[in-house]
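Below are two complexes that have subunit A in common, paired first with subunit B and then with subunit C.
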Partner chain A sequence: MKGQTLEMLGFLILSVTVIGIIIFMRTYLAGSYGNTLLSLTERQETEGMRSGLNTILQTTDPKTGRKMEELIGISSYTEKVKKGDKIDFGPGIGEVDILTMLEERFNGIYGEGKWYLKVPPADKFFTQIVIVVDTSASLCDDVDNIKSSLPKIIQDLSEEYDITATIYMLPGADSSCCKKTGYGGYDLTCDLFEGKLTDNLQCMSINSLDCVGNMLPQNEEDWGRGLGCIIQKGPPQGWNEKSTKIGIILSDELSGGNDDSGEELYYNMASLEIGKKKAEEIGMYVFPIKTETGRKICPGCDCPNYPECSCAPNICVYYQNQQYPVFSKIQCKMDGILYSQMKRIAEPTEGDVYELSGSGEATKSILEIIKRVEAEEREKRSIKLGIPPPKNKKINTETLTIPIPLIGKYTNIYLYQWS
Partner chain B sequence: MKGQISYVMKPMTMIAVIILLVFLLQSLYLNRGKETQAEKKLDIVGTGTNILLILANSKDCLAYDYQQTMEKANILDAAKLDSFSNDYQAVEPECARNYDFGWRAEVKEIGESGIENEWTFGTGDFSSGKSLNNEVNFWIPVAIRYSENDIRLGKMDIRLVDGELEKLAGFLDWSCKMGQINRMTSSSTDIRTSYPVTYNSQENKICVGDSCRKLQCRLRYFDGFDSDGIHTLNVEFKQPDILLVGG
Partner chain C sequence: MKKGVSFSVIPIIALLGVLALSIWAGYQLSIGSSYNKRYGDVFSEDPAVFKMETVKKILEDALKFSAQDKSIEIAANGGTRAETFWYCGYVERVPTPEEVKYHLSESIKSNLNAYIKSSEDEDQFFEIEVDIPKYTCAGAYENGESKCSSRDSSGCEDFWATATGNSQITLKEPNFLKEDDSISALALKNRFFWVYYKLYQDHKDGFSIRDLVQKEVCIPGEKIDRGVMLERIRSALEKVCNYYENVVFNDLYIDCSYDLMCFNEMQPSMCLNSMCDRGPFTEGLCDSPNALRASGMSEKITGKIIYFEGEEECDKWIDRYYYENDDFRFQIRIKDSKFKIPTIEKELKNLIWEINGIISIDHSECPIYWKEYIPCPTTTTVTTTTVQTMTTQQIVTTTGPTVTTVQVTTTQQVATTIEEVTTTYQVVTTVQIPTTTIQPVTTTINIPM
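What follows is the complex of A and B.
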């Protein structure tokens, strides 16, 4: 019995060894050539795509005699970024539709629907920002936040972007609720920013713009009219036609001020319309920032009267860890109307309403707005051809730098290709 | 009982071991076949890629010769294309000759209305039927330069064939070339053919079955092979372009 067991065991060992040898040979010997062939094929695909892009960029346009890489640069710089946009090369040559021509060439090499090309703009993001500030007492905490954080943010951004920002203070009111240290008060004026202003960040009283007629802001909350006035007069550097214009409004009341009736009145609508119309005329993004109205702190808008402040009768707002009664119950209850009014100026100007829930969020929101507009503008000003890459395919990618002859800069071409 | 079991088990184990060893040998044989096939495929793909790159980027081939400016990849000279198209209708150009495979290239200029111009060059005929071992087709994008301000888009396709005709003609052309550059005057090889081989001395063409190729050197004392099979070829070069062939 023992001998038979050993015989069986010997046979088993032999079988396992033979099977092991066969598996090893199949996996490693023939497999190695297969793998090399696969990697060679993959390399051919990648090199083929790269070479296709290089080749297309070296070809010339029959009308202008210029190379495609040069024409893409011109197209990017002149912001003719859509198929069908024509660039006029003057008498003798005429108009050229660069992107349609480029699309035909890519289709010829890679096949229709099998590639996607993106060329972001080469120049820095150039923006002119105006910030309209409601100067009523309830904005003390937000202005304080801007004063302490915005200068550094603008300074930092100026290294990356071509940026200027101007803070405009609406006609000041008595803001004695703004306390520096427990007692006494100060008004919300540009004096607060003394020592913090630079060439990139300035502050102006809106009254110094000398707007007249229906452009003249009527009170410390008249931000619609205030925005119209700023747009009409322009920032200290004047409007530059190539800049991206951003208007930021900082307020907790309807444009022109809340009425005790709790309704949006004609003058509120009129003020808003002026700002909206002017913003649309100049192509400005408007981002109203709705500061704390008391709704989030006291959802029922029913806070106890607080006797220390002269701005009574109000509900609670926190400033420097103390409760200050600077909002009437009506103002708190108009929170929803204010939001819808702000939406009415934001939506047609491609902006958005930002709602703050605390005093430290004003600058953070301004930074978010700048970054968001920058991303949107880059997207808008990017050349995009072909169809976006599908998710279920293996995508080959290639990035190539091309010159922009008109400004002596460079930009990247991103190519995505699949089979 | 114990003895009886042992009496049955031993022959059974022996048969099982023999079956196992036969399976191992068969597997070894199949594996070697697969390995050879993969190696050949890799070889032909690699060669095809190299030929295309040489054609497109070598100044001796089709690449535009930039005298002063930086060199760019895959820019073909339209004048060279015309010249290749005239000179190399039956043989591959010397700058990208391969002695193991035969190839023919086609350059197409792509314009708004589709293909606007076309050039072809390389060998005119390939192995076919049983004498064809393998073939690949692929292409690369190229730019075709007419002048500094007129560079057009194109594609260069290549058909690369591994066959008995290509091997036979490749050996004869290689021997001729080695003789012409004084590297080697005689050489020999074993060639397997699936069809009879004929030589047309008038046109200096060698044929395997119905497929023919033009040779670089003229052959002496060679009438072909009347049957298929493995043939031994001994050749000796004589200046300026003669190969003396012996069996």
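What follows is the complex of A and C.
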């Protein structure tokens, strides 16, 4: 009995010890090994990717004698950013398609469809902006907004971008119902911007450009012709062929003015076509900004007949020596036509129509437009190779800085790799 | 009993086995930890080394771009940082190799430091926190003068650029790491030194654009007019270009062109008004064991100014002669289209060496002549109108046919057509006039020429 008890106890101790050791090994020994193994695996992946990238970047291209990283810098700066774009190194070397060469090397190391490379442009965004302003009375509040906010925005942007903006006032109408506090009205002219203008922001009357023939704007809403005239004559600094050109139109009426018929007439279309054609010729992005037309109170508000009707406060006319806010069914109808007309100039020029719902939005929209074009241009001028990374995979990334031939400037190579 | 003992021995043996296993496991555990520690140490060192190497590679590429860009600029200036003249009046100052290397090195240094300055911007080097001291010395090395002066450019189609700040690059993350900041890079496919040495050697061997032009323009004993002179200068520069293209370089990719930038027919010495003389080169190469000095030529020949003064007959065309020095400014461009080089421009550019010069042609033996009409000195007859006025006191009013004698003051206004000066004479005279009329009197006077 005693022996049996001792045996049982011995086996019990043995079992406990074995279990203890197993737990100990599982917890510490295997855990330590596991961590080391995991760390090593991760390390191998990262180092493998990095060494692959280094191998490619440090490889000398036999034709040019230059390393791939140097060639990427040259390619990025000279804006040869698409496969098939060739850089001419002179007859002693010939033309080189760097990106195709690079793609083959990446495919060889990471495998086709397993990587993505992006190199954004390094130099400053260089843009020339022209803003065509309808000078009819309904634009008073928008012009006021531009006057108070745009100078600072352009000044701030000029630290980051190489930017110039010129405001062009269409031939002025009597805007005397643009009210100043306490006294009479004022016309929409460049005088309003006095003291606010800088080298980066200027204002000109379109009449001062001396456009002739079909380029001559006929009235305060003739923004199509106005844009054509500006493009033909160029901004005060002249057009720079390397700049990104942006045309912004600020109006609440059809190009050439709304007609009482409520239809888009031939002269509206002709004016629009002139602007569109010129913008396409010069490669300008056109962004019409449709200011508040009073659409919110459509339909049914007809101010002359119903003076008590509270129409959009920024729309006013003098009628029989009295000042009236004006809004009619015609304008309700025109609102839609205006939008479609603005679309017709925006779409072929890679622009877009911005619709304002309040008077304080004009400058905000201009800023949005500049940022949007800058992002699009950066995207266009980026080197992109491989396929964009899938969402359901573990992606390894590596970023490397390289200099470009523009003295003092660098860009980054972003590499994404997955298995 | 035997059975009980044997049963109790089994757990003891098993226990011993478990103990042995535990010891082995402990041993293995310590090995695993040491592996982990060892790899951990390596892991933390490697990224630091990798980052340091990355920074140095970036700097080397920046050095390469700096050298490429500045080679284009220095060549366009004629071998120095500012535009330089190889010919200035009678002085010939082709920049020496030390001078060219000095200016190229200094320019490379300033470009490289521009890259370093911008690297200080936040996050410029992606996730690398590094301190790079400014470079204080840069160098440019060709493959040897003999290789670069040879007819074939194959031994001189690249050059080395170096830079040092005699300091250390400091990496702060992930480990603190320091490394010597000296870097070097090969500027490839760039015949900057080959073109330069060919031109330099050719000048050293005795070729002078000034001599060629002088010889072409001025044939001793022959008088030439300015129109012919201009043609001859053009033709001489054309010959210089042909000489460079076919004799000096004889290379498929070398083209020469020229511009006559100043030739003033009316004021021959006007072209020398521009500052073309540069001081002697006294700088030393910072990375050269011997700071070389080059001194400029000081020879100055004063042109003779002699005007031919023959007996000048009037009313004839006579020959005028001009023996003074005559200056013109030119630029010769040696364009190497074999390679296109990356620069700060968006497009790659060809290397163009520009030779600027303002040359004084000595006309002491080949006067410039022109014909000039010499009019005779003449006495011009001018008809003047005399206006007479009388003082009230002197007017005697008379009636009847009697003649009265009165005193009048006469003012004669004479306009001389030659000098275009109006002279006023005042003459007081006594005349007899009829009492009923006072008429203007016309007189003739001679105006001395």
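The rule we apply is simple: the second predicted complex is superposed on the first by the 354 of 419 C-alpha atoms of A that agree within 3 Å, B and C clash if a C-alpha of one lies under 4 Å from a C-alpha of the other, contacts with A are read in each partner's own complex, and residues count from 1 in each chain.
Throughout what follows, a contact is a pair of C-beta atoms (placed from the backbone, for glycine too) under 8 Å apart; a residue touches a chain by one contact, two chains touch by 3 or more.
Worth saying up front: this structure is predicted, and the values here are computed from it rather than measured.
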### Message
Going by the contact rule stated at the top, is it subunit B or subunit C that touches a larger number of residues on subunit A?
### Response
C
### Task
Considering only touches as defined above, state whether A:Glu7 meets subunit B (first), subunit C (second), both or neither.
both
### Task
Using the superposition on chain A described above, determine whether A:Glu79 touches subunit B (first), subunit C (second), both, or neither.
second
### Task
Could you tell me if A:Thr401 is touching subunit B, subunit C, both of them or neither one (first, second, both, neither)?
second
### Message
For A:Thr36, using the defined touch cut-off, is the partner it touches subunit B, subunit C, both, or neither? Pick first, second, both or neither.
### Response
both
### Task
Considering only touches as defined above, state whether A:Gly65 meets subunit B (first), subunit C (second), both or neither.
both
### Task
With the two complexes superposed on chain A, say which partner A:Gly257 touches: subunit B (first), subunit C (second), both, or neither.
neither
### Message
With both complexes superposed on chain A, which partner does A:Pro121 reach: first (subunit B), second (subunit C), both or neither?
### Response
neither
### Query
When the two structures are overlaid on chain A, which partner does A:Gly351 contact: first (subunit B), second (subunit C), both, or neither?
neither
### Task
Using the touch definition from the top, say if A:Val18 reaches subunit B (first), subunit C (second), both or neither.
both
### Query
Where on subunit A do subunit B and subunit C both make contact?
3-4, 7, 11, 14, 18, 21, 25, 29, 33, 36, 40, 58, 65-67
### Summary
Listed in rising order, subunit C residues that touch subunit A in their complex are 4, 7-8, 10-12, 14-15, 18, 21-22, 25, 28-29, 32-33, 35-36, 39-40, 43, 46, 50, 54, 57-58, 61-62, 64-66, 68-69, 111, 114-115, 117-119, 124-128, 157-158, 188-189, 253, 337-340, 342-344, 346-348, 350
### Query
Inside the complex, what are the residues of subunit B that reach subunit A?
2, 5-6, 9-10, 13, 16-17, 20-21, 23-24, 27-28, 31, 34-35, 38-39, 41-42, 45-46, 49, 72-75, 110, 112, 138, 140-143, 148-153, 155
### Message
Applying the document's contact rule, which stretches of subunit A touch subunit B when the two form their complex?
### Response
1, 3-4, 7-8, 11, 14-15, 18, 21-22, 25-26, 29-30, 33-34, 36-37, 40-41, 44, 48, 51-52, 54-56, 58-60, 62, 65-67, 104-105, 108-109
### Message
Looking at the complex, which residues from subunit A come into contact with subunit C?
### Response
3-4, 6-7, 10-11, 13-14, 17-18, 21, 24-25, 28-29, 32-33, 35-36, 39-40, 43, 47, 50, 58, 64-67, 69-70, 73-74, 77-79, 87-93, 242, 399-410, 412
